[in-house]
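Listed below are the structures to be examined.
Each of the next two complexes has subunit A plus one more chain, namely subunit B in the first and subunit C in the second.
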Partner chain A sequence: MSRMEIYSPEGLRLDGRRWNELRRFESKINTHPNSSDGSSYVEQGNTKVICMVQGPMEPSSRSQADSTKATIEVNLSVASFSTFERKKRSKSEKRMVELKATLERTFEQSVMCHLYPRTLIQVDVTVLAQDGGLLASVTNAITLALIDAGIAMYDYVSCISVGLYDQTPLLDLNGLEEKDISTLTIGVIGKTEKLALLMLEDKIPLDNLESILGIAIAATHRLRDLMDDEVRKHGNVRASKLAKN
Partner chain B sequence: MSRKIEITTNEKTYFIEALKNGIRLNGRQFNEMRTPSNIFLSKDEYGYIELEWGLTKISCRVSSFIRKPFEDRPFEGIFNINCEINSMASKQFENGKNSDEEVLISRIIEKSIRRSNSLDLESLCIISGEKVWSITVDLNFLNFDGNFIDIGCFGVMLALSHFKKPDITIINGGKDIIIHDINEREPQPLSILHIPICLTYSFYNTSQNVEENIKGESDEDAIYLLDCDYKEDLLKDGSIIITLNKNREIIQLSKNGGIPIDVNILLDLSLNSIKFVNELTDLIKTLIKDHEQQRFTELNLKLLQVGADR
Partner chain C sequence: MILSPAERSYLYDSLSQKPPIRPGARSDHQFRPLEAKTSFLPNSNGSARIRLNDGSECMISVKSKVVVTKSVTNLIDVDIDVAGFRDDSNFVSNLKYNLTSLLITNFPSQYLKLTSKYSFKLFIDCIVISHSSYPLSLISLATYLALKTTRLPLLVSEVNDEEIEEQPTFSDDWDNAKYLDEAFEPPIFITLGVIGTNLLFDPSIEEEQVLENGLIVSFYKDNVITPISNINLATNSNNSNFKGLNQKLIIESINLCNKYCPAIIKALNTLTEQDDEGDDDHIF
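After this line comes the complex of A and B, so read on.
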């Protein structure tokens, strides 16, 4: 087998994209209207995520009720068939706990929690397939599901991963690329330049940070538009149904 | 859940008002670190340190033993960091139960040091596939006065630099080994490839209107403090942890929730951090050098050197 080239001299990546191209982004909302208050399905390339939101509802235990604001609980389950190699993942794994805490804390800020005191918003995420950008896809799916549930938010939280190969930033890494090069995941609120979420796990030179963030922010704005289109499309469908009755 | 420590509204308002006027209640500048004090490097054993940083106190012990390597990585030694936070440090931490906060602290220290390969694992290999050194760092937090991550990371790196493992000879053509007692032969230091330094910036929203801040309509109202203490930690609206090394590499960045941070501020903070990273890296190096020097003179090791005039 020939040696894999992350980024060829001609400027093409493993899957034929250029450095600044996103993967196919497809989303649906209200996929499970009967079993949840809000639901969504997101595909970013081959990463597939389902998200369901219950609530705002009365928490089952007293300790979860906060008299000033809503509590957000995220349950992240990664299917054992989601990767090439079948593997059972436990929820108590440190990495999972960290992701869960990161998601909870991010959405606590972007959801208008103070409007729903003493309630619980339960977010259940299932990862069906993983091919890079796990945290990014999960965040996008949660945003859409929260919108579907009609929970007040300041704006969309759109999230993307970016890597750095030599001096070139590569946008929206797939699984193979993610294994080889360091990845930064950022989440942006709406069309601002404010970072709600930030996670970098491997080394990158300090001087390249600016160029990476630049492309990443442009990408999150694009994703926000794509999600917004989907939400509006769904809204129109619903409105037309209402008009018929 | 452990009882949360509550701060009165009065205290909080006072604190925020002070920040607005450019004053931290502990008298430091916004980007001023406390300096580590009472640093104790053990003379009798290698790899035990204690240090105080403000009122935060930690102890850190490095231990080593020989074991079989993992099958998929026969050339690499094993390295673990074990983080203990219990209610001895502060009553907000509960015994025996890992809260999210505690997991985040230990994950970030682990990411900064272990994932970034700051310890050369291949140098820990003795006989490939058979025997490697296993290094474990036990980090104990003895008192809490804010900023566990930065101090923990600093402590672990100091302890690793201080640690020495017994010298080894391989005999019988690579079948057996002799472990030399540390009194018999001078033990070997670990090979440390770079020294990661964590810096935590806490931020505070001073404006009344959260919405404006989140939507990015007002920028001036956010205040960033380096190396927060106990009270500042309880009042923070969010934090960002930047790990850097002297080679101007970002090793780890994480922001877990909290109010959003502007990109330009992030860039400014990271560029400013380089100064502190250099200071702290040099501090570790000088501490170790002085300690070595002191040991050298006290034990009269000069007599043992090859060229010594006996």
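After this line comes the complex of A and C, so read on.
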């Protein structure tokens, strides 16, 4: 196969975006009102993620209870049909274990865990389709589901992936781009510049890091607004239902 | 244990009345209301999602692959993933065995035949996101919808390749893709609860706790077919009411299914037609 042009001299990427453009972001909260305490559905481009939160609840085993704060458990399952070539993925795969640990650590810091001592917050994530930015979409989905569950957080954790092509940072990579260039995923707390998550699975030259972080933080702020719109929209729908009764 | 002894006894007595008084005011042959959506996964040939009011939810994806017919033992592969259960647990392997054997024995494989050498192989992947009652009929109804809306790319190369070495080629235009067959109605499983001399369609989790027995009936081409099996539907609980099965009830269950299942098939077909008209690809 001939090498595809990741970034054309005219400044266009494979899917016709410019370097600083996000993919279509769509989110919904409270998608599973009957089977979970909080739920969400996130689409970033062709990556589709469902997230359900149970809790804060009493843990089934004593070992999961911490007398000072809540325990967060993330179960990440990637459907075998999520990629073009069907592939069965086990939960004990090294990459999945690492993603799970990353997510748990991120949300232990961003959720006000000290308010829910001796409880368990169980987060179940199902990835239906993946096309780049897996960790980012999963993080955004978990944030929305936690908000839907009414669990206290310091602020939104919005997350995005950025790659580096030669000297140019490329925002929100799709699956094809992600295969070819190194990718950094960052999660930012609200509208600050505080990083809750930073994941780099390969290498990026240190002197380019600042420009990458700059564009990524701007993008997460935009994503936070998009998620906030959805939460407020849903809040208004609920409030109007309450008013009617 | 989700019911107290008093609740169990009350429910048992209500359900063994003639006609039974079911929680939710359902009649004995009535299903719980369900919500479904098809063709929402652009990466799959067919997809369906079914959700019940109690939050039980199941998603199916059908993917296809071209294989050399001789090299595979069967053209259908089923995989089931139930949230909270290990893949090698008895519960999951039973569900998987039931569905696989039903589909393999009753799937008209000529629909998958491409040329004299090549065929499509279908991979049916099922995710049960959450469930309360025994999920087999939920999974099977979702599989019905997914197979009914499965589209396979149109073959443009020669059908007869016995003499020539040719790989099948397909039309680039997805609009030319064909459904398996307009008239094809995949087989389904129906779960029935047995209590006294009553047979209850689609028992809910509370009803499962007091049932005397459970039946899984398979239905295909307007008729009940084998296998018809009995099972304790209440998993993870010691159902103290569980009894042997009166053989007259098996005959009755066949009659009941023959009478009411065509209505289920009809409802599912109407659903796929309505979903086909709408242009919206969103899951929710």
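What we mean here is this: the second predicted complex is superposed on the first by the 242 of 245 C-alpha atoms of A that agree within 3 Å, B and C clash if a C-alpha of one lies under 4 Å from a C-alpha of the other, contacts with A are read in each partner's own complex, and residues count from 1 in each chain.
By definition in this document, a residue touches a chain if its C-beta (ideal position, glycine included) is under 8 Å from a C-beta of that chain, and two chains touch if they have at least 3 such contacts.
Since we're looking at a predicted model, the values are computed, not measured.
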### Query
Is this a clash or a fit when subunit B and subunit C both end up on subunit A?
fit
### Message
Which partner chains sit in contact with A:Asp155 here, subunit B, subunit C, both or neither? Use first/second/both/neither.
### Response
first
### Message
Looking at A:Val97 after the superposition, I want to know if it touches subunit B, subunit C, both of them or none. Which is it: first, second, both, neither?
### Response
first
### Message
Contact-wise, after the overlay, does A:Leu176 reach subunit B, subunit C, both or neither (first, second, both, neither)?
### Response
neither
### Query
Draw lines from the C-alpha centre of subunit A to the C-alpha centres of subunit B and subunit C: what angle do they form, to the nearest 10°?
110
### Query
Looking at the overlay, does A:Ile6 come into contact with subunit B only (first), subunit C only (second), both, or neither?
neither
### Query
Touching A:Arg105, do we find subunit B (first), subunit C (second), both, or neither?
first
### Query
Is the number of subunit A residues in contact higher for subunit B or for subunit C?
B
### Task
Once the structures are superposed on A, label A:Ala65 by its partner contacts, choosing first (subunit B), second (subunit C), both or neither.
neither
### Task
Could you tell me how near the closest CA atoms of subunit B and subunit C get once both structures are overlaid on the shared chain, in Å?
19
### subunit A residues contacted in one complex by subunit B, in the other by subunit C
none
### Message
For the complex, give me every residue of subunit A touching subunit C.
### Response
28, 31-36, 41, 46, 48, 50, 52, 75, 77, 79-84, 86, 88, 124, 126, 128-129
### Message
So in the complex, the part of subunit C that touches subunit A is made up of which residues?
### Response
41-44, 53-57, 59, 61, 63, 65, 79, 81, 83, 123, 125, 127, 129-130, 283-284
### Query
Which residues of subunit B touch subunit A in their complex?
1, 98, 100, 103-104, 106-107, 111, 115-116, 211, 214-216, 238, 240, 244, 248-264, 266-267, 270-271, 274
### Message
Could you list, by residue number, the parts of subunit A that touch subunit B in their complex?
### Response
63, 94-95, 97-98, 100-102, 104-106, 108-110, 154-155, 184, 189-190, 192-207, 209-210, 213, 217
